[in-house]
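For reference, chains read A, B, C and D in written order, and residue numbers begin at 1 within each chain.
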Amino acid sequence: MSKIKLAEHVIETVQAICAQYNNEEGELINVLHGTQSKLGYLPAEVQELIAKELDMSVAKVYGVVTFYSFFTMTPMGKHPISICTGTACYVRGAEQVLEEFKRQLKLEVGKTTDDGKFSISCLRCVGACGLAPVVMVGEKVYGRVSPQQVRKIISEYQDGCPSHAE
Amino acid sequence: MADYKMHMLVCGGTGCRASESKKIRQNLDASIQANGLEDSVQVVETGCFGFCEKGPVVKILPDNTFYVQVRPEDADQIVAEHIVKGRQVKHLLYEDPTKQEVIADSKDMGFYKKQVRIALRNCGFIDPENIDEYISRDGYAALATCLGDMTPEQVIDTMKESGLRGRGGGGFPTGLKWQFTRNSVSEQKYVVCNADEGDPGAFMDRSILEGDPHSVLEAMAICGYAIGADTGLIYIRAEYPLAIDRLKVAIKQAREIGLLGNDIMGTGFNFDVELRYGAGAFVCGEETALIHSMEGLRGEPTFKPPFPAVEGYLKKPTNVNNVETLANVPVIINKGAEWFASIGTDKSKGTKVFALAGKINNVGLIEVPMGTTLREVIFDIGGGIKDGKKFKAVQTGGPSGGCLTEEHLDTPIDFDNLLSVGSMMGSGGMIVMDEDDCMVSVAKFYLEFTLDESCGKCTPCRIGNKRLYEILDKITQGKGTKEDLDRLRMLGNVIKDTSLCGLGQTSPNPILSTLDNFYDEYLAHVEDGRCPAGQCKALLQYKIIDDKCTGCTLCFRQCPVAAISGERKSPHFIDQSLCIKCGVCYEKCKFDAIEIV
Amino acid sequence: MAKVKSLADLKKIKDEVQSKMKLRENSEQPEKMVQVKVAMATCGIASGAKETMNYMIEEFDHQSIEAVVTQTGCMGYCYAEPTIEVTLPGKEPVVFGHVDKKKAQEVIETYVKKGELIDGVIPVNYKTIDE
Amino acid sequence: MEMIKLTIDKKPVVVKPGTTILDAASSIGIKIPTLCHMKLHDMGIENKPGGCRVCVVEVEGRRNLAPACVTKAEEGMDINTHSMRAINARRTVTELILSDHPAECLTCAKSGECELQDLAQELGIREIHYEGEQSHYREDTSPAIIREMDKCILCRRCEMMCNEVQTVGVLSAVNRGFDAVVAPAFEMNLDHSACTYCGQCVAVCPTGALTEVDHTGAVIRALSDPSKTVIVQTAPAVRAALGEEFDLEAGTLVTGKMTAALRRLGFDYVFDTDFAADLTIMEEGTEFLDRLNRHLKGDKDVQLPILTSCCPAWVKFFEHQFPDMKDIPSTARSPQQMFGAIAKTYFADKINVKREDLVVVSIMPCVAKKYESAREEFATDGNPDVDFAITTRELASLIKLANLKFNSLPEEDFDQPLGESTGAGVIFGATGGVIEAAVRTAYEIQTGKSLEKVDFEQLRGLEGVREATVDVDGLELRIGIAHGLGNARKLLEDIRSGKSNFHAIEIMSCPGGCIGGGGQPYHHGDDSVIKKRFEAIYKEDAGKAIRKSHENPHIVKLYEEFLGKPMSDKAHHLLHTNYFDRSNKIES
């Protein structure tokens, strides 16, 4: 892993978040949430900075980051694709849909395409079981998705059509 | 404005539609026109009534007459008798199977009494972002009663008498839990609301927080008063942004009018609520793990005792209750312990919310009194199985629960009954499966989930579940043996017996229950190399039916691995050793000459 | 907003809200006051409840129909989201399922304006604790 | 106190409230197998995550089996520790651990000392019924410690030592579920981390997941090379523990046998690090008195307290964690490095051997010494002052390898001139010893009077942080002592916040000082061993003819012949060092 230097404004952002929680070690998870929502992910250098600000060991920060599936150390794609793998979606064929996304994008779960456009992740029940199987692209929810629809969904984002790119 | 005097509601749910509700509607329309009634009677197709066992269903307004098992040819008679002459068509009325009496008015039908909304009382009724609407429905009256007229002991006694048990899965008596925390001597105590709902396929807590956040805040304040705490914390999944927003609004509103904060309603009682966020770890539903997570640590459970009631958040006495449990509290105070205890079964009082999902018509959130049978939930309320398929199993309790079968359908649902048949209440996910679902695959699905969510702290859960999963995977690949089935059972029992927390102690349940209830299906996998539900891809074989094959060569040309051979105009052949089971041949064949065995 | 200082204060708020609601129900021109509740829980919003709600507000405004459109939580009919509950003055509430823009338009045109039921009514199948 | 009565294996037992089932059973002689659990009673160190589940027992009336190490005894409990159900569970759990453990016992450094191996034997496991994927991690080799996490069983002892005891915080459990493992941040290599190489993780690891870098091969090669003159130094704590490797009672002093063994292994000269310890006292003591006297005269530039600097893990600790205070510790090198520097100059000249042909081996109770000897500043033209530092354990394996019957070896003396030592040098091996040795010398130099009683009992003991005052002829010397880096941290934080009023502080990284070092024979959770070594050290001191460093005749001679006086330019060049700010040295 090569070391990158954090930009000044990133450092300030992270420091501000830590300060918001009084630089308390017990607030680590809130700090990580705050940071990830601002930066999109939690690279090593940011974790080191957080450890320093909260006066705790970076190993512990990393231990927490890797424990919770919500936190990620890789930047997500511009259009993060999340496939619900809750039980309701599973029994209605979410697995096949996931396979199809993986196949079409030639991408593993948790990874981002080389052009940074798409990333695939699985998430637990989004509570839209009535629409199972459910796929989310960014904030947009697609319900009752069949493997056949996968190509169409991807193509909506392929040309960067602005109406969908929110 | 047309002035319809009567409406005829025809069920348009998939169950009824399968049994010709469309045709019934057409016939009703025709008959009404024939009688010249089109200006005063309107025929409307509705969503599923949830009474599919007796479908198709026709309901007549305004008198609420409910006709069941209507056939298209009954349309004329209904119009002629009921509409024109005002007489009910007796043979189409519903007969109560227990009382053997005919019931005409749907309001009198047991079916409509099956759902009772206590925890969900305000969901879908009030604007969750408007505290006034909550107050107008007796909101915060329970808190006022507690603070004004009751001692903390009386509050706890009321909870005990009500018989309310924890809705998060364990079913521990809520009053007793409060008592324990009250008994711990400490300057500082905490009330924690566990909103880290994580069962895949359960979303009742989210719905309550989104639909009625104040009921949870009020209950937490009541609990705070009862146990002697001034701080409440809601540990909520970060994946629930809407619920978080609604809670924030609710907390702000409650603070603004002094229902949270210092000196609530002039009684000197202080209580405020903060939010804490989960970050995607199912194990944090376990209360010690949840507390560690709130402290900024890895959400690993620790051995109990000490219980949180003695040593919890920041080592202070902490009472942890789940969302649905709390949502029941204000009602119990308002309507009394006796009223609450009158609902439900001997040892499980009140109602339970279920998230009904899977291969069922009425996917949704339901709330039924304890003691309602699985059959009533699945067939009456849930509207039966989708697409007219056959019911195979129902999974309750999520990854901790088990798969129950046809023979368990008449089991009244409560904490103890579900346990005794090898499943559990869990948080209330209820997934219905039909004949297309392979139970080995279902067990594997749950194990995969547990594997993903195991914290890794204890050996049986960390490695044991991995081995269980590997054995199941082997079986679905057709490489399992009968010894593997014994191994599954043996290892599953040890994992239950030795795991550190509830996650591991219940993780083998989906396997053990399917082994108990669907042993033949497992046997078919390991002995015959066959998946009866046709779901295990590795066990499928695509075969060409010689009689139907015309030798068109389409499949031959489409096969990506050249596994198909044969001469033009004569039956083709699939070489099983080469076939990758992609299914292209099956899809492309125009003569249905390819079968899956 | 005034602080609730006592149980009496709480009761006052309750009475005020309830009488306001009553007033709304018994207003001079009952035929003009329509109440619509849109189920805006995650599942509802995921299926487009927000669009439906916006559309209905705009449409009522556009057609000068006096109506109150409010959001509410999950009604439990996840299979039929988005769901809305329409209460015409003096009538029982009716729940409609699968209400997209097109359906919303139909609800307004047919049920709200003419009082005719349309396809897709969801039968209420529970009782509340108030009963 | 209300006592608790319960029944274990049909035997009644009465215990204090709060006693675990494990301790209750052990009080009546019933041994329940454990794996992750470890309790060092005297040190107040306990690891009981309740994670391995090997110690499960059957408690009448309970649904599940109960882990004995964390379940507290309750009134009226009826416990069956070896029911068939418990045995079956125990064996299954152990099989599961083995199913995720490489079967490399034949080549594993820990074989014979492995607690998992012992457990598998004890439970009679002959076959592993579960097979499947095994965890696989990159092997991490640092200058001192090797991490082979494939062998990790997640007992979390190392994590506990690193965080709670040492507060170094390099290790943490990372990932979850089957992928969970204990690792540094970002699973980086240890040598990129703030690891101090104190080796306490190695000392407690039940398996071969954490071991020291093995230099025995290099030592054998040097010994078999006729062109090399190979000399050896042995640290004070080694002689108090080496016997344990040969089944001698803990605390047996084996100085003479050890010397004999080293000679038979082929070392050309067998010397003693204690000699260098005396030298350290000369330098460090002089530096201390210099600072003290300037301080007493009101010199504001002088920083007090002075901190000892013999412990390499401690040095690396403050370089990472308290770089702002790197000017406070004494600049004196550790005895190991002083020895190396003198050996490769003064002694090499004496025997007329070129520096590069002289190989200096040190036998240390420590794994950090491997790192220390490899620090760049302790080499001349790439040739290190100390070539190889091996642990007490490695020495034992060399002795076994050479087929020496250790217990029947004669008692032999060290060679001269670097083998002469005093009691002051010996007590370097125990916590409080360095400062006591320093006081013995400082007292006489400062006051010019002869010290009547050399035993400073107030400085001895095994408590983590100790404070004492020593009357130096009217001057009250305030002395602080800490062993274990977590305890050191407390004292450092006091200094940083200005709360500290000590004149001198001794710090040792390992619990008990060097006798509890990471390179000592494994204590396997029995810390009475450390206490016995502690007693042995003071016994050796008491038996020494000379007990003050400055009276060591060869030290006196060394100054006369070579160094001049303490803190001279030459002494500075060879015997002192400087420290580096490593706070930003964490690289990912």
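Throughout what follows, contacts are C-beta pairs under 8 Å (C-beta built on N, C-alpha and C of every residue); 3 or more make two chains touch, one makes a residue touch a chain.
All values reported here derive from a predicted model rather than from experimental measurement.
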Next on the checklist: Going by the contact definition above, tell me which chain pair has the most C-beta pairs touching.
Outcome noted: B-C
Checklist entry - Any idea how many Å lie between the Cα centroids of chain B and chain C? => result 26
Checklist entry - CA centre of chain A versus CA centre of chain D: separation in Å? => result 44
Item to check | Mean-CA-position distance for chain D and chain C (Å) | outcome: 74
Item to check | For chain D, residues that touch 2 or more chains besides their own | outcome: 173, 175-176
Checklist outcome for this item: Touching two or more other chains in chain B are residues 203, 206-207, 240, 281, 298, 300, 357, 363-364, 452, 455
Next on the checklist: Two-or-more-chain contact residues of chain C, please, as numbers and ranges.
Outcome noted: 41-43, 77-80
Item to check | All pairs of touching chains, each written as two labels joined by a dash | outcome: A-B, A-C, A-D, B-C, B-D
Checklist entry - Quick one: in the complex, what on chain A touches chain C? => result 126-131, 134, 141, 143
Checklist entry - Mind pulling up the chain C residues that touch chain A in the complex? => result 41-43, 46-47, 77-81
Next on the checklist: List the residues on chain B that touch chain A in their complex, please.
Outcome noted: 198-203, 206-207, 238-240, 276-282, 293-300, 314, 355, 357-359, 363-364, 395, 398, 429, 431, 433, 437, 442, 445-446, 452, 455
Checklist entry - In the complex formed with chain C, which residues of chain B make contact? => result 1-4, 7, 9, 12, 42, 44-50, 59, 111-118, 120-130, 132-133, 135-136, 138-141, 144-145, 148, 203, 206-208, 210-212, 240, 242-243, 256-259, 265-266, 331, 335, 357, 361-367, 381
Next on the checklist: Could you list, by residue number, the parts of chain D that touch chain B in their complex?
Outcome noted: 49-54, 56, 64-65, 67, 70-72, 85, 88-89, 92-93, 96-97, 99-100, 129-133, 153-154, 173, 175-180
